[in-house]
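Following this line, the structures themselves.
In the two assemblies presented below, chain A is common to both, partnered first by chain B and then by chain C.
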Partner chain A sequence: MTSQHTIRRRMAATTPVLLALILLAFVLAALALGDRAIARMAAETLIRVTMVVGFWVFVGNSGVVSFGHAAFGCIGAYVSAWLTLRPEMKATLLPGLPELIAAADWHVLPAALAGGGVAALVALLTGAAILRLSGIAASIATFAFLAMVNTIWANWTPVTGGTSSVVGLDRYVTPWVALGWAVLAITIAAVHASSASGLALRATREDEVAAAASGIDRYRHRLLAFTLSAFFCGAGGALMGHFIGVINPDGFYLSLTFLMLAMLVIGGVGSLSGAVMGVLALSIAVEVLVRLEKGVRVGAATFALPPGSQEIILAVAMILILIFRPAGLMAGREVMLPARWVAGQTKPEN
Partner chain B sequence: MAKLGIFDLAVRYGKLTAIADLSFTVTEGERVFISGPNGAGKSSLLSAIAGAVRAAHGRIEMDGEILSGLGAEAIARRGLSMVPEGRRIFAGLTVLENLTVGTGMRRDRGAVADDLETVFTAFPILRERARASAGALSGGQQQMLAIARALMTNPKVMLVDEPSLGLAPKVVDEVYDRLCQLQGLRGLTLVIVEQSSARAARVGGRMLLMRGGRIVADGDATEFAARDLLTEAYFGGAA
Partner chain C sequence: MSLQLLFDALALGGIYAIAALGIALIFGVMRLVNFAHGQFIACAVFALIVPSTDALAVLGLGALPAPVLVPLILMIGAGLAVLAEALVFRPMRNASPVALMVGSFALGVALQNLLLVLYGGRPKAVSLWAELGQPVQVGSASVPLLQLIVIAAVVVILAALAIMLRKSRLGLEMRAAAEDFTMARMLGVRSNRVISGAFALSGALAAVVALVLVAQTGVADVRMGGQIMLVAFIATVVGGMGSLSGAVAAGLGIGAASALLQAGLPAEARPFRDAFLYGGVILVLLFRPQGLFAPVGAKPRV
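Moving on to the complex of A and B:
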């Protein structure tokens, strides 16, 4: 029994390693193609992996759908921008910033950590109220939170620049930087999921009454996951800002919320591998369709999909997945090495 | 001193009164069956004791400590565990995860391993299926898992809501055998909701008969079977 348990734990530990290797292969393949656009697509995909894995830490384990995580991305992106933009630029663009922040000229790494950290702090404070609600009420409250953050950011012009974009962010995010963050997010998410707190949270997802009868404090475990989750969404937002170089409150609003949800649903909300695979599948599909819209040359002729068909095809694909594979591509399973590889000997399976 | 004391407890759902000023005490190590017709308030009583349902008024004490007003998880941490009606196992988790999930609050880590061994010995099928998804177990196995899960929180008092629900008689026999065996082993105080008074009489213990949110009879389960109290409880009159 104990040895079986050990094997199970070792198998679970292979999941983040395998996911990291898959992402590494993805980056190498993208770079090997030698196309700058594809390299950029790879970096963007990995930033999304960071965000969606963060998103999964809360949604996947708690079973509570959140519509508010794009707001943590917004907070992370702006915090990083505030800390890294050159002081003279901030004086003209964002005159309302407090002295200390206006003078800050941080390195990008601590700024990204600070972006995640501030997002996590905001999650801790708002989650303390939101997570006392249960089920759909909590989801609606997260949506209200998203709308509030967007409204504040769009109107607090001296500090956020309002609806006009903040420009001039240091574009340091290469596919390798994004890979580093994605692997970190996956590792922390796997550690959290296999921890006592992660397990307790999944129990509350299965049955709230029975979880309470087992002495599980739902609120505490939810709040921990919400905070951790916001950290990676915030850090992902910071990376996104430094990838594009321009940030704007609407870049972290409804379309990002729905994109993150779509990626999670397509990959399968039941597992960490689902979150990662959903991002990869959707990002690659979008890239292919965008290229097809631009036109592919076959011999002398050029074939092109009509503009707008990308959205329609993706929507249809999503509906088909929801009908035929409602638990997502991974259907709640994790990628892991088979038991006998891990144990180093033949063991009967189940 | 009574292990568990219920004093003037009332539970209301809106205007409907499920439990009306009910009082009883249970001594340590006792096995108490709660029986009665549908709607008598048996499940409401257990839920109120476990903190899953808020009482309108009244007091619930365990070892002299007042439990009423605490949340369900706080009550579980103090050593009162409930096996809910319909089992309610965590279907998406493995059998082993179901068993260990409630132990996160325990400080006696070494004892957790011993307890796991105890429940695996009592329910060998759970050891066999430890890595299987709990949702894949049969009804009887799920009931055993629910009981084992409650035991893993190291309770002093365990409430079991209708363990025989939807199970074949032979399986019910097995569930009760194991439950009594574990009670003896752990010195548990058991409060069990059981529709079948014949079953309660066979297992043996004290029996409280409920009707309309009140206790109408209190005595030895084997004596109940011999008397007409049950008929009275179901069809009217007072005991």
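Moving on to the complex of A and C:
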């Protein structure tokens, strides 16, 4: 007889597989439509899945809202740009780079890994300080971190190009590359969530005092999750840079923070499936709204939403979801196979 | 020079203090970190001009004489805040502070984009009370008249607010609600009245900030509330969330610190002034997570 515990574990293991299959189906459907714009939308959506899943690793498990994760995207994008841009270009665009980086001409994959790695390192250092705080104070400190990174990036012109954009990034990110990263992020997030550390972290989310009384070191588990989540936000930022081809500090500031938070809240902070579904739902909604803003022909008349209404509709949708479905679309549940499918052979007992 | 610096610090700090007070008032009664406060400020700014996406701004309400204009804009700010409370925050009354925070963030985005749709994205030149820019000789310093008016207005507002909170019934109820909301309700404080009152005051304070900003910069920009809200927000936290006097003190302190940093930092480090400021905030939080002037109820009880 398979024990209840084993069945639960198997069910939990089906979550990342199912989510990956859903994303695969999404890519295939987008490519089957044969529209270039839709294929681009699919790639962008999957990059966002990478970032939001990374974001969820910290926010979902710890229950601490971070406003600072867009900054990790910024760091990842710039690190990847520094490492992959052709040296001649860097000499003119970013004259202040140190010798070693100025001469670097890396392949895009190690550069994306390095982008995530540097973001994770920064998270480890800042998190070591910020995560000593809890609750609203921690959230505000991450906000201060975001504002700090943005100020530095917007003004350190010789190294970051300042507020003028860095251009000419190799646009290698296809839906398939983005799918690979998204699936990797989901897998790692699922492994982390079901690990002892992830479980301990969720215990602190439910009740800080009780968790501490059970001997859980809140700080250590939070720091681990913060670092891990920064890695995927950094890598996602690098992908985003190489997807658009142009990066700018303000592309990784309040609007990205809002978008990531909105996706997470609409999908449901309580589960990994919520993070993924939130991105899918919101990205598809945005695509539809953008098309409506451009105008839809109904018979002879063209019907178009006024420009800018897209954000208003999204924000209103977010408020409505917060009011009527505070736990999000998935309400903390995971996508998983039902118990009897994974229970295996049950031997009749004598 | 040093007297000049003192006036700069006082005027900037005063504005930060008023903005921080607007955030602290709401946090005190309903534990809501109001991210939409900056957009309340922006909305009050744009209420001055006629809606159009043209580059040239046409003063609508802004053309009225000051004795009519100032109360009117304050009422618009207060009305907007009360409306936001009734539509967005009242249905979320029992949500967690985090959900409330995210909700206010969404409200801010909605308001900002509403302004974008109505007024277009380009900053517009608005000349409101341009004659106040003239310098006045005070001792060894020559100070713009506006700066003196701002400092005086801040003093008057703070005094009026202090008296209101101490003497009036609404003020008493607000302080009771900030202390312990459940207990206050049990003792007969009507929650809707207190919360609406706090929002109205907060919106009026946002309108004050808006008027000063427009008069100072001569620009109406959709994004103009954001920067000041960020600072105000940080002042509220540093001062101790929920402590009104703490918010005022921290607002003044941050204003003074940034005026001093602006004057004291070497030229090549000056663009990074705000980075130093935010770094300082993180440091303060690390040593005093409850803020510098934490109210008694701020520590979670077990």
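Just so it is clear, the second predicted complex is superposed on the first by the 340 of 350 C-alpha atoms of A that agree within 3 Å, B and C clash if a C-alpha of one lies under 4 Å from a C-alpha of the other, contacts with A are read in each partner's own complex, and residues count from 1 in each chain.
Going forward, a contact is a pair of C-beta atoms (placed from the backbone, for glycine too) under 8 Å apart; a residue touches a chain by one contact, two chains touch by 3 or more.
This structure is a prediction, so every number in the text was calculated from the model and none was measured.
> Since both structures carry chain A, what do chain B and chain C do when superposed there: clash or fit?
fit
> When the two structures are overlaid on chain A, which partner does A:100 contact: first (chain B), second (chain C), both, or neither?
neither
> Tell me which partner A:318 touches in the superposition: chain B (first), chain C (second), both or neither.
second
> Determine, under the contact definition given at the top, whether A:199 touches first (chain B), second (chain C), both, or neither.
A:199 contacts chain B only, not chain C.
> Let me test your reading of the model: by the given contact rule, A:218 touches which partner, first (chain B), second (chain C), both or neither?
A:218 contacts chain B only, not chain C.
> First (chain B), second (chain C), both or neither: which does A:8 touch?
After superposition on chain A, A:8 lies in contact with chain B alone.
> Once both structures are overlaid, what angle do chain B and chain C make about chain A, taking C-alpha centres and a multiple of 10 degrees?
80
> See if chain A has more residues touched by chain B or by chain C, and give me that chain.
Per-residue touch count on chain A favours C.
> May I ask you to decide whether A:209 touches chain B, chain C, both, or neither, giving the answer as first, second, both or neither?
It touches chain B and chain C both.
> Just to confirm the geometry: in the superposition, how small does the C-alpha gap between chain B and chain C get, in angstrom?
After superposing on chain A, chain B and chain C come no closer than 8 Å at C-alpha.
> Do chain B and chain C land on any of the same chain A residues, and which?
209
> Give the list of chain B residues in touch with chain A in this complex.
Residue positions touching the partner: 50-52, 71-73, 76-77, 81-84, 88-93, 96-98, 100-102, 104-105, 120, 127, 130-132, 146, 149-150, 153.
> For a test of understanding, state which residues of chain A touch chain B in their complex under the given definition.
Interface residues on the chain A side: 1, 4-5, 8, 196-197, 199-200, 202-203, 205-207, 209-218, 270, 332, 350.
> What residues of chain A sit close enough to touch chain C in their complex?
Spelled out, the residues of chain A in touch with chain C are 63, 65, 129-130, 132-137, 139-141, 143-145, 147-148, 151-152, 155-156, 209, 254, 258, 261-262, 265, 306-309, 311-312, 314-316, 318-319, 322-323, 326.
> Please name which positions on chain C make contact with chain A in the complex.
Residues 33, 88, 91-92, 95, 97-99, 101-103, 105-107, 109-110, 112-114, 116-117, 226, 230, 233-234, 237, 241, 271-272, 274-275, 278-279, 281-282, 285-286, 289-291, 300, 302 of chain C touch chain A in their complex.
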